[in-house]
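Shared between the two complexes below is subunit A, which pairs with subunit B and subunit C, respectively.
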Partner chain A sequence: MSAVRSLEEVLVDWEAVIGLEIHAELTTLETKMFCNCKLEFGADPNTHTCPVCLGLPGALPVPNRAAIESIVLAGLATNCDIEKRSMFYRKNYMYPDMPKNFQTTQGPVAFCMRGHLDLDVDGPAAKERYQLDKLAVGEERENIIRTDSGYKAHVGITRIHMEEDAGKMVHLGGGEGRIAGATHSLVDYNRAGTPLIELVTEPDLRTPEEARLFMQKLRQIYLAIGISDCSMEEGSLRCDGNVSLRRRGAKEFGTKTELKNMNSFKNLHDGLAYEICRQAEVLEEGGQIYQETRHWDPTQKRTIVMRVKETADDYRLFPEPDLAPYDLSDEFIESVRAKLPELPEQKALRFAQDFALSAYDARHLVEHRETAAFFEKCMQLAGADAATLSKPIANLIINDVTAYLNANEGVVLADTQFTPARAIELVRLLADDTISSKQAKEVFSAVMEEGLDPAAIVEARGMKQVSDTGAIEAVVDGVLAANPDKVEQYKGGKTGLIGFFVGQCMKEMKGQGNPKVINELLAKKLS
Partner chain B sequence: MTEHLSEHDVRDIAEYVRIGLTDDEVEQMTVDLNAIIDSLRPITEYELDGVEPTFHPIGTLSNVMRDDMVVPGFSQEVALENASKTQDGSFLIPSILGEGGDR
Partner chain C sequence: MTDQVFGCMSACQIREGLATRQFSAREIADESLKRIRALDGATHAFLETTEEMAFEQAARIDAAIASDLLDEMGSLAGLPAAFKDNMNLIGTHTTCSSRMLANYVSPYTATCVSRMLAAGAIPLGKLNMDEFAFGSSTETSAFGPTHNPWNLSCVPGGSSGGSAAAVAAGLVSVSLGSDTGGSIRQPGSFCGLVAVKPTYGVVSRYGVVAFGSSLDQVGPFTRSVEDAAYSLNALAGRDPLDCTSQHITTDFTANLSEGVRGMRIGVVPAFMEAKGLTAEVKAKVEEAADHLRQLGAELVEVDLPNAQAAMSAYYVLGPCEAFSNLARFDSIRYGYCDPGHKDMNSQYDASREIGFGSEARRRIMLGSYLLSAGVYDTYYYPAQQVRTLITQDYARAYEQVDCILAPVAPRTAFEFGAISDPTEMYLSDMFTISINIAGNGGMSMPVGLGAETGLPVGVQLIAPQFKDENMLRVAAALESVYGPAPVATAFLPESDLSAPANIPDARDAVPGVVLGEEGECRA
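So, the complex of A and B:
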């Protein structure tokens, strides 16, 4: 089946109800959840195991204090209530990646309960829902607030609980490591027992774009508090989505499907978008949605059934008798709270206030810790000029630096020739009209390639901008004299010709004329 | 004897634990399991008014935690010692259809 209608069309008639389950491995810790085995991605198979993580009889687990601190930190950073009293449970199932035949997880009470994140949905991202909201008559969503450029969505977090990861299986004999058609499997228990925190959202998300933004925001928070490397590619950050549809205005939830294998932000968005369209098509044809687990296949751009849930799984959850319950003290919680760094959202707010930036620019600057730190360093160097240089520095980072890093995969800002000192020098050259903004782009590229200071590059290339009014006036006069017909047309009302005159002057001056001065002189002489 | 479990319950339990039972065995197992549950009846007859429920088998112990420090465990050879088949440092097992839990 192929989805024929676009997401935008489908969402006019249907409301999508989306909830996410997000697993993060606590990769920044040294050891596993319940034993002292080393955490290491990509080590030789089965070189980090012990009686506990291999599930050998009689082995006793002891929880890692740093893991408990990490989950409490995650809860504090996502506005959760920290439950002092909770405990671990056994979730029983038989599968070779879990040698104990049960996963240690939490029961009805998790360490973190009842949190939320507010999403800023604006720019193109708001389109998926903003316009649609106007279409949905009488359906004003309770969890959004309109803003100038889009809306703010309040997304509830049901809980974050502590658990452990399973081992890794490689399937042999089938195609491309898939389980279908496999004859044998290889099992590596290095990952078994890796501390894992699972965050479950309320079904508060309404579009694939909101789901993507939630995931991005959560990833930024986890990176800021340093609990995980959050690599979706390597699987240290994983996301499953629950999706159901209901007619616009309906109150009852529809039957949901669970979507797996959305291992990038793009796959998360596209997988959900596809599944919404698929469900709409089935329902509109009078069909039925089955509660099932589906697998997103990004190459085929479709979801396929992995497993039909005929009955609720019975994991025979019961309190883990080998692990003592928790009764966290205020001291413990406060000691964790003291480690809470400035979160991206707070940083963006501070940048906007202290450096007179738009909320949008500030948010983009804090998207990556590196660029945020770089910007901050620049502002320190700018000293008294921070307020005037903040906007050009922000532009430089958001546009040129980001484009450069995107084009050079794997390169981090610290590895490049671009330093905060050079950034400040570059925008100062721009601010005092030594170079034009076009020349600034050339200088930026040259800094990256040659590793020289911006001023030296400007000097060596003789690319200084000419701002001398006398020299420019001569050029302007020449251009006007050479185009008497265009001058007539301009005076007759075709003011758009100003661009033509500026272009001619720039050409005469080999791109080195100060466009501001040229514009001023042209305006004066043509009036 | 009270019927605590029906034959249907026993078939469900057998499926969970992957034990194949014949119809005769299901019948006999139902009788046996109900007898076992019956034998626990005295527990229900204790006077428990005012007794705090025990919500965890480990009495008053709580907040047991350890430091995040590496202690070397098994070598690969030792880890694989009990495996009937191995390949490339991994446990080699027959193919499994279906998937595990909801991690």
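So, the complex of A and C:
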């Protein structure tokens, strides 16, 4: 089945109701959730195991206090209420990757309840939100409020609970490691008992873009508080999406499907977008949505059925008798709160206020911890010039630096030749018109490649910008004289030709003419 | 000297003999193993002997004696001991008397076992039980029943029947059992032993294969109150590997000689009038009460208004926890694996069908049903509420009394096959279950033989939570009247009983679980 209509078209007739379940492995901890086995990704199979995480007869769990601290930190960072008394439960089901054949998880009361995150939705995909243009800035509808550049969405978090991961299975003899057709399966219990926190959102999300932004924001928070490496590729951050559709104006929820394998932000967005379109098509053709688990296949760009849930799974949840109710003291909660670092949202607010940045720029600066730290270092070095240099530095980071990092996967900014001092030098060369913005990009690349200071590169390449009015005027006059027909057309109203004249002048000056001066002179002479 | 019967001796006698070098620990180990092999054919208390470990421990003790360091060996130094087969002891089979675990060899040792060994006890073997501790007669063992040393055609009680029989037959001086609804106290009564189930949390459960995690508690079988107290001193206390275990600093021997003068002892009229309580047992409880009164205790009637609901709550909570605890026996990593299956679910089903006996399957089915959606609120939740009420009943009663006196079991040991209806069998625990539900300590104290059957009768002493020393004090007072528990007549040192047994030894155990190795199915 292929989607016939675009997502936006579908969302005119249908309202998508999306909730997310996001699992994060607490990879930064030393040991597992209920035993002292080491947490280590990539160790030889079954080398980090003991009677407890192998579920051997007689073994008992002892909770990892550091893991409880991590989940409380996550709860505080996502505006949750921290429950002072919560319990572990057993979720009973049999599968070879689950040594005890029950998963230790939490019951109706989790450590963290009733939180929320506010999303700033302002990219091009903001228009996925139905009738956004009908709202005036500052006007509210449902859970959103219109902003200058898009809207802010309030997304409820039902809970964050603590649980343990299962072992990892490898299926051999079949195709591509899948269970179908496999002749036998191997289990690695190194991962069994890894502390896992699961965040469940309210069904407050309405567009794939909101889901993507929620995941992105949560990832930034988890990275900032340091509880997980949040690798979506390696699976330490995993997201399942529940999606249903209902007719615009309807109150009842439709039947939902659960989507798996959305292991990147793009896959999360595209998987949900596909599923929304698929459901709409089924419903519009008079068909029925089945409650089922579907797998997003990013290569074929479609979702496929994994299994149908005819009845709800009965996990026979009951309180874990080997673990007493877990009481958190006020002192403990406060001691965790004291460890809460500045969160990305707070950092963005501070950047905007202290350095006169737009909310958009500030938010993009804090998207990655290292770019935020880089920016902050630059502002320190800029000293008295911070206010004037903040915008060009921000642009440099958001555009050139981010593009470089995206193009060079795995590269860490701190390991490159581009230091905050060089960044300051580069934007100063730009600010005093020594080089043009086009030249600045060349210098940036050269710094990365050659490891020299920007001034030295400018010097060595003789790239200095010509701003001398007399010299430029001569070139301008020459260009105008050589193109009388274009001058006529321009004067006849074809003002777009200004670009042609600027380009000709730049060419004459081997790219070193100050475009600002060229523009000014051209405007004067053509008027 | 080799004519000593060490398994019939007390901790003090053994220590005295070792200290004065009348015998060595090596002789204790050697003679005890010989006696077990010569007589256990009659009782079938042992599933496995642990010869190498026994000699190793003996060597350690003898070395200490040679260096005049016996005092550092612990209060149980040289005491012949054995353990219920649901307790892990590294290198031994831990079968839970189930076909499911017939080939399972422990890769680690339970805390309770290692504490007994640290206190100097000599490990002689592993003891028969009802399969996974489901039963009151040891008849559900996959390896055949244990016989009551007092009458070999009778059951020893259960589920810790092997633990009780081994001590009653004088094969060992101390054994450990576990008690989920009466599994220490009832066989203690049937075999005439001091049998203690401490308050929940006194002894670590780490390494004891779980039946009902919120109910299970480990305790000793001995023939004297003092030996029980020494054992508790060794066993009790916080274990970082069991977060339900508590810090305990009590010296359980401290108040044994204080007598009961001034103590208030509760009697529960509803228990004494319970349907099914036999006249001989009732008479013995009344007799014990009279003795205590004569010794200066004040007897006070107390009510436990909700105790009659304990049985119902127990048969909800116990199976629910058992269902979940036994889910791990799935044939994948260890345990019985039915060969030849092409898909996982049929291997699961067949392995569990064949691996578990009928009582285990009954409880798993029951728990699975009771926890299922829509049923949970009808049974599990009310059972937890009942649990709270019963706990409150006991707490209220202990505002008036220091200890409660009650029957242990409604009758003395019965003959094999006498009870075939499971629900009738469940009634064996009618006086013991509420104590597990409330979490209090309880013990069986032998008070002689029943007038009709001539079989041992125990009375139950029930302590306030974490006041287990109270019941031991009362027990010591009763012991001053009745004397220490005797070895069953046919097994007395002077008896000429010969019943050789061919018991497997742990040295032949082949480890089934090697950490880090790909799990191989063993049929």
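Methods note: the second predicted complex is superposed on the first by the 479 of 527 C-alpha atoms of A that agree within 3 Å, B and C clash if a C-alpha of one lies under 4 Å from a C-alpha of the other, contacts with A are read in each partner's own complex, and residues count from 1 in each chain.
The rule we apply is simple: a residue touches a chain if its C-beta (ideal position, glycine included) is under 8 Å from a C-beta of that chain, and two chains touch if they have at least 3 such contacts.
Note that this is a predicted model, so its numbers are computed, not measured.
J.: When the two structures are overlaid on chain A, which partner does A:456 contact: first (subunit B), second (subunit C), both, or neither?
T.: After superposition on chain A, A:456 lies in contact with neither partner.
J.: Considering only the touch criterion stated at the top, classify A:381 as touching first (subunit B), second (subunit C), both, or neither.
T.: A:381 contacts neither subunit B nor subunit C.
J.: Just checking: does A:373 make contact with subunit B only, subunit C only, both, or neither of them? Give me first, second, both or neither.
T.: A:373 contacts neither subunit B nor subunit C.
J.: Applying the touch criterion given at the start, work out whether A:196 contacts subunit B, subunit C, both or neither, answering first, second, both or neither.
T.: first
J.: Name the contact category of A:318: first (subunit B only), second (subunit C only), both, or neither.
T.: second
J.: With both structures placed on chain A, which of the two partners, subunit B or subunit C, ends up touching more residues of subunit A?
T.: With both complexes superposed on chain A, more residues of subunit A are touched by B.
J.: Of the two partner chains, subunit B (first) and subunit C (second), which one does A:487 touch, if any: first, second, both, or neither?
T.: neither
J.: Under the stated touch criterion, which partner chain does A:63 make contact with: subunit B (first), subunit C (second), both, or neither?
T.: both
J.: What is the contact status of A:94 with respect to subunit B (first) and subunit C (second): first, second, both, or neither?
T.: After superposition on chain A, A:94 lies in contact with both partners, subunit B and subunit C.
J.: Look at A:47 in the shared chain and tell me whether it touches subunit B only, subunit C only, both, or neither; answer first, second, both or neither.
T.: Both partners, subunit B and subunit C.
J.: What part of subunit A is shared between its subunit B contacts and its subunit C contacts?
T.: In subunit A, positions 45-47, 49-51, 54, 62-63, 94, 96, 186-187, 314, 316, 321, 323-324 sit in both the subunit B and subunit C interfaces.
J.: For the complex, which residues does subunit A have touching subunit B?
T.: 21, 23, 29-31, 35-38, 44-51, 53-54, 62-68, 87, 91, 93-98, 103, 163, 165-166, 170-171, 173-174, 179, 182-189, 196, 198, 240, 293, 306-307, 313-316, 319, 321, 323-329, 332
J.: Which residues of subunit B touch subunit A once you look at their complex with the stated criterion?
T.: Per the stated touch rule, the residues are 16, 18, 55-58, 61-76, 79-80, 87-103.
J.: Okay, in this complex, where on subunit A does subunit C touch?
T.: 45-47, 49-51, 54-63, 90, 92, 94, 96, 99-102, 186-187, 312, 314, 316-318, 321-324
J.: Would you tell me which residues of subunit C are touching subunit A in their complex?
T.: Going by the criterion above, the answer is residues 86-88, 94, 96, 101, 104, 107-108, 110, 205-210, 212-214, 240-244, 320-321, 323-324, 327-330, 332-334, 344, 348, 368, 371-373, 376, 380, 513, 515-519.
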